[in-house]
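Consider the two complexes below, in which subunit A is the common component and subunit B and subunit C are the respective partners.
Presenting the complex of A and B:
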């Protein structure tokens, strides 16, 4: 079986699993069947995803289904994120959802809804990042909203329904802007003498970027940035994010923050490549810098002032999306490379912390930081893992986020953006202070006397330990396949016309040389 | 009268039907006006298909008829009929007169924007293109100015009709699968919004967006 044959199966696996879970009868004795099917599905995505990435690394860009599906080095980075974070949060879900069932927070029917939509959510995100058809890419983003809205509102409480409604409306409206941008781009390509069947393909559009109407390209990019930027949680379109992240079950919060936001960024990067080919990179870069620094600035202070742990983490996601935009805005191999590396690093660290917030909810029954004291004493392993995640997101070495933040700052200095870099560094100290607040106020300190010393189960701790290990590895020595993939993806973003060249023809690594 | 003139004329009706959708008090009546608007949209698709000789647009018109004229309004009328919030009343933040003035401003602004577009496909349909863009933003206006969450669903539907019209005007020869896919996706979106609105009404006994303000900060 060739990689092209395998690619559709990567999508079909979680889709079929999700649909099967919906139709499976479930009672107390047969709930394990749903869990088994779910675990099979997430491992299927992990294994097939890694095989696809290996094929991209060793050969050329993979095309399938009449070129409507494509995995190039850029898409491979995101396939990897979905596969790894999806699998680990999927595993974490087992212990977490069992706890919620035992605590009567969820019913067995809701368990089915949870795992069914979890797998559909994975399918929709995979559809986004493997789409070469720009309309399918849009439909994928729209489907991520529709698929995950029920996950956000699954507890059926007034606050979770409120969060789900805001998420549904704001993101649907946002993505409607994305549709407008998609239509304008398609119409522009078709007017540029590209055959209509080819004009829906991103590879054709980017190959003909030079002949597109510059004004229309700019208008389309603004629509795309507003539309898919809503999904990416960019300020000021981020309003849904703190509510949805805080009300969703913790593994879903990890998926939303770790992967979904990055899918929005992925689409924006794809369109920035087209825009760069028509009007040069400066137009998109200036918008990235503006929205990036605004996102970091606003989110840093809102992050600092939150008392709800999950809302705090949600604002940290907005801040990190801002940092990724800054990397893209600084441009050059270092800036783009830093942005892509930060996408991976933030996903791993934030997924760890959201899973940790799930442990705290299981242990303390609250998200209010005032009520969470002495995690390290009450649940020692959770405390250590959460401390690692918090220190990573605060940007302390030797954790992974330090590396990508350092690269972003270097890229900014290299681009001559001294004031912007200075402001960004000041804002990052506010963020670091916020994480120190979590560590000092909640993880360390004295636990309440009534709180027993007992950690949550191994089903929840094992995936978190793997996240922590990955964070350390990415901070100390990034594995060679990852650097190769990031180098190829960086090269591709900078020279999109090379989108169909084989990966091993990419020039030697500039950014990630060892 | 040429086909393109018919297209431009029919799109004017879209704004009128949009106003009816927005200013009508009862959501089930709004659904009926939405069906009427979608029928006008289907007529635009057919006229346009005849003008440019696009087979794809005929099939899109057929799909739009089934989904937008029949299916979505039927779902809405059936679902919204038994949802109520007596405290909310009409739920409009602004008066109907101001809504009309706002719609006129949006159309004017969009006409100015579209006048700068130089795309060859847009030249013969600039008035219709301006209306389609205005329709999109009028839908957004509806979401912002309506407190009733059911009316917000209509706002989203208006935005979709606007963007679908733009696609038909600028790229009538787009592959059928794309056009049909976009239209079908809209049905899913509306169904999920309706399900969510019903859950909210059942749990919170309200349809007022201003009551959904427990989450702040």
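Presenting the complex of A and C:
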């Protein structure tokens, strides 16, 4: 079976699993069947995803389904993210959902809904990142909203329904802007030299970027940035994000924050490549810098002032998305490489913390930091893992976020943006202070006397330990395949024309070359 | 030799991981054993290094493509400082084993894993920082040491100590941005993070990098304008204060700046002036802050700030061409590490046995506990720079080097005279407290003191010996 044949199966796996879970009858004794199917599905995504990435690494871009599906190195980075974070949060879900069932917060019917939509959500995200057809890409983004909105509102409380509603409305309106951008780009390509059948394909658009109408391309990019930026949680379109992230079940928050936001960024990067090919990179870069520093600035302070753990983490996601935009805006191999690396690093660290917040919810039943004291005493392993995650996100070595933040700063200084970098690092210090506050106030300290000393089950702790391990590994010694993949992806984002259709050159050996 | 240096970094880090994974009663022993092993590795390393004729070697450990990320450098300075920081780390682990128990009158306490895990990691990070040959390596260990100090300052988990811990972390983190900037500029200009490349930078960039490193160094060393975290950090358990403020955290700053200067092949005089002027201001500020202090640890905190000022003074003077001042600064780093550790541990032993560290309540130590009395006197004399104790020799070298270069630089002469006056003043002030506390009839608090546990006695004796000998070692070693 060639990789091209395999690619559709990567998408079909979670789709079929999700649908099967919906139609499966459950009662108390057969609930395990749903879990088994779910686990099979997430491991299927993990394994097939890694196989696809491996074949991309060996030097070829994979096309399938008459070029509607495509995985190039850039997409491979995101496929890897979905596969790894999806699998680990999927595993974490088992312990978490069982706890909720036991605590009668969810019914068995809702269990089905949860696992079914979880798999559909994975499918829609995979659809976005593997899609070569720009309309399918748009539809995929829209579908992620539909899939995850049910997960956000699954508890059926008024707050969670409100969050789900807000999420649905804001993102649908936002993504409608994305549709204008998509249509404009298509019309632009079709009016130019491109055959209409080819004009829906991103690869042909980017290959003919030079002949597109510059004005239309700029307008389309602004629409895309607003539209898909809503999904990516960029300020000022981030309003849905804190509510949705805090109301969703914790593993879903991890997935939303770790992966979904990045899918929005993925589409933006794709369009930025087209724009770069037509009008040069500066146009997109200046917009990235503006929105990036605004996101970092606003989110840093909002992050600091929140009292709700999950809302805090949600604002930290906005801040990190801003940082990724800054990396893209600084440009150059170093900046783009830093942004891509930060996409991975932030996903891992944030997923760890959201899972940790899930443990705290299971243990304390609240997300209010004032009510959470002495996690380290009450649930030692959770406490240690949360500390590691918080320190990682605060940007301390030897954890991974330090590496990509340092590269971003480096890229900014290299691009001559001294003031912007200066401002950015000061804002990052505010963020670091906020994380220290979480640890000092809630993880350390005395626990309430009534709180028994017992950690949550191993089903919840094992995926978190794996996340912590990955964070350390990415911080100390980034594995060779990851650097190779990032290098090719960076190269691709820099020079899309050179590597469309067939990526035949050997990738350069490192991400940041002067 | 490289393996020994690596061992001194990795052994304590492994120890920290093991401590977290082992049952609580093992924490103390594991911490002591791993710090001891690291010290042993360094002593063997020092012996090998001396045997092989003081030849500096560099070795790259982690590379990313062509770029060296982490490298180790073994030369006379790094070996000397590493032995001090890791060796004192070991002594502190031993002392802490006695200090953290139910018999402690100030903070009755059991051993917690967290304490020894952070301490052990700290020792490893210090060794890593000292041996690191790249700016990015220094930055990484700089931040790890900041993290460990945060965990340790906040150890008692009272709101005040957590606040102080966060303050220390945030202020040093803000200062570390200087190191970020220095590493970035160096990399963008030369394509490498190696410290040696500082020497190849064009003049303007070199000055910028050195000043950026200096800012980071000030933050870690609690020099003006970043001094405010250090007195608050006295919320830490006393053995930790001893380690942070005598041997490790604050010395990080001095060390990274010394390394940058060593690599720079002669820096612009502006760097020297900025360094010397700020050092003088810090010294004066520290001296005036002695006067109102009654808490022994806070007095020592300001004394630390001042003594670090002397090291920066020496480093700044070396920019004007005085190798003697540079060696004096490094020797002072080494000597002060032992003397100040001793002083803090005396404070710790006093609060352990009497339950107070407020100086006016402490009188007549000598008659109750001769060891503590002697240790108090030795520590005070060594810090004040009285011969034959170690502080004298290194301060002397700094001043001698300073007067050599002050001939051509009148401003330096003025500053040196001011500092000289300060040193007399601080001598007088320390003697005042020695005269108050050590001789005579025991006050109520001291008379009711309990016995000093034997691990603590052992450490105090070792440090008294070192407070006399360390200067000879440093002078012999640095040549």
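We adopt the following convention: the second predicted complex is superposed on the first by the 502 of 514 C-alpha atoms of A that agree within 3 Å, B and C clash if a C-alpha of one lies under 4 Å from a C-alpha of the other, contacts with A are read in each partner's own complex, and residues count from 1 in each chain.
Note that contacts are C-beta pairs under 8 Å (C-beta built on N, C-alpha and C of every residue); 3 or more make two chains touch, one makes a residue touch a chain.
This one's a predicted model, so the numbers in the text were calculated from it and none came from an experiment.
Peer 1: Of the partners subunit B and subunit C, which touch A:306 in the superposed model: first, second, both, neither?
Peer 2: In the superposition, A:306 touches subunit B alone.
Peer 1: Using the superposition on chain A described above, determine whether A:433 touches subunit B (first), subunit C (second), both, or neither.
Peer 2: second
Peer 1: Going by the contact rule set out at the top, does A:215 touch subunit B (first), subunit C (second), both, or neither?
Peer 2: A:215 contacts subunit B only, not subunit C.
Peer 1: A:29 contacts which: subunit B (first), subunit C (second), both, neither?
Peer 2: In the superposition, A:29 contacts neither subunit B nor subunit C.
Peer 1: So, A:454: does it touch subunit B (first), subunit C (second), both, or neither?
Peer 2: A:454 contacts neither subunit B nor subunit C.
Peer 1: State which residues of subunit A lie in both footprints, the one left by subunit B and the one left by subunit C.
Peer 2: Shared contact residues on subunit A (touching subunit B in one complex, subunit C in the other): none at all.
Peer 1: Per the contact definition, I'd like the list of subunit A residues that touch subunit C in the complex.
Peer 2: It is residues 376, 384, 391, 396-398, 402, 406, 409-410, 413-414, 425-426, 429, 432-433, 436-437, 440-441, 444-446, 477-478, 483, 509-510, 512-514 of subunit A that touch subunit C.
Peer 1: Using the touch definition from the top, list the residues of subunit B that touch subunit A in their complex.
Peer 2: 116-121, 136, 139-140, 143, 149, 152, 155-156, 159-160, 163, 166-167, 170-171, 173-175, 178, 181-182, 185, 188-189, 192-193, 196-197, 199-200, 203-204, 212-215, 217
Peer 1: Could you pull out which subunit A residues touch subunit B in their complex?
Peer 2: Residues of subunit A touching subunit B: 133, 135-136, 139, 142-143, 146, 149-150, 153, 156-159, 161-166, 168-169, 172-173, 176, 179-180, 183-184, 186-188, 190-191, 196-197, 199-200, 213, 215-216, 242-243, 246-247, 302, 305-306, 308, 311.
Peer 1: For the complex, give me every residue of subunit C touching subunit A.
Peer 2: Subunit C reaches subunit A through residues 20, 62, 64-67, 114, 136, 139-140, 143-144, 146-147, 150, 154, 157, 162-163, 165-166, 169-170, 173-174, 177, 180-181, 183-185, 187-188, 191.
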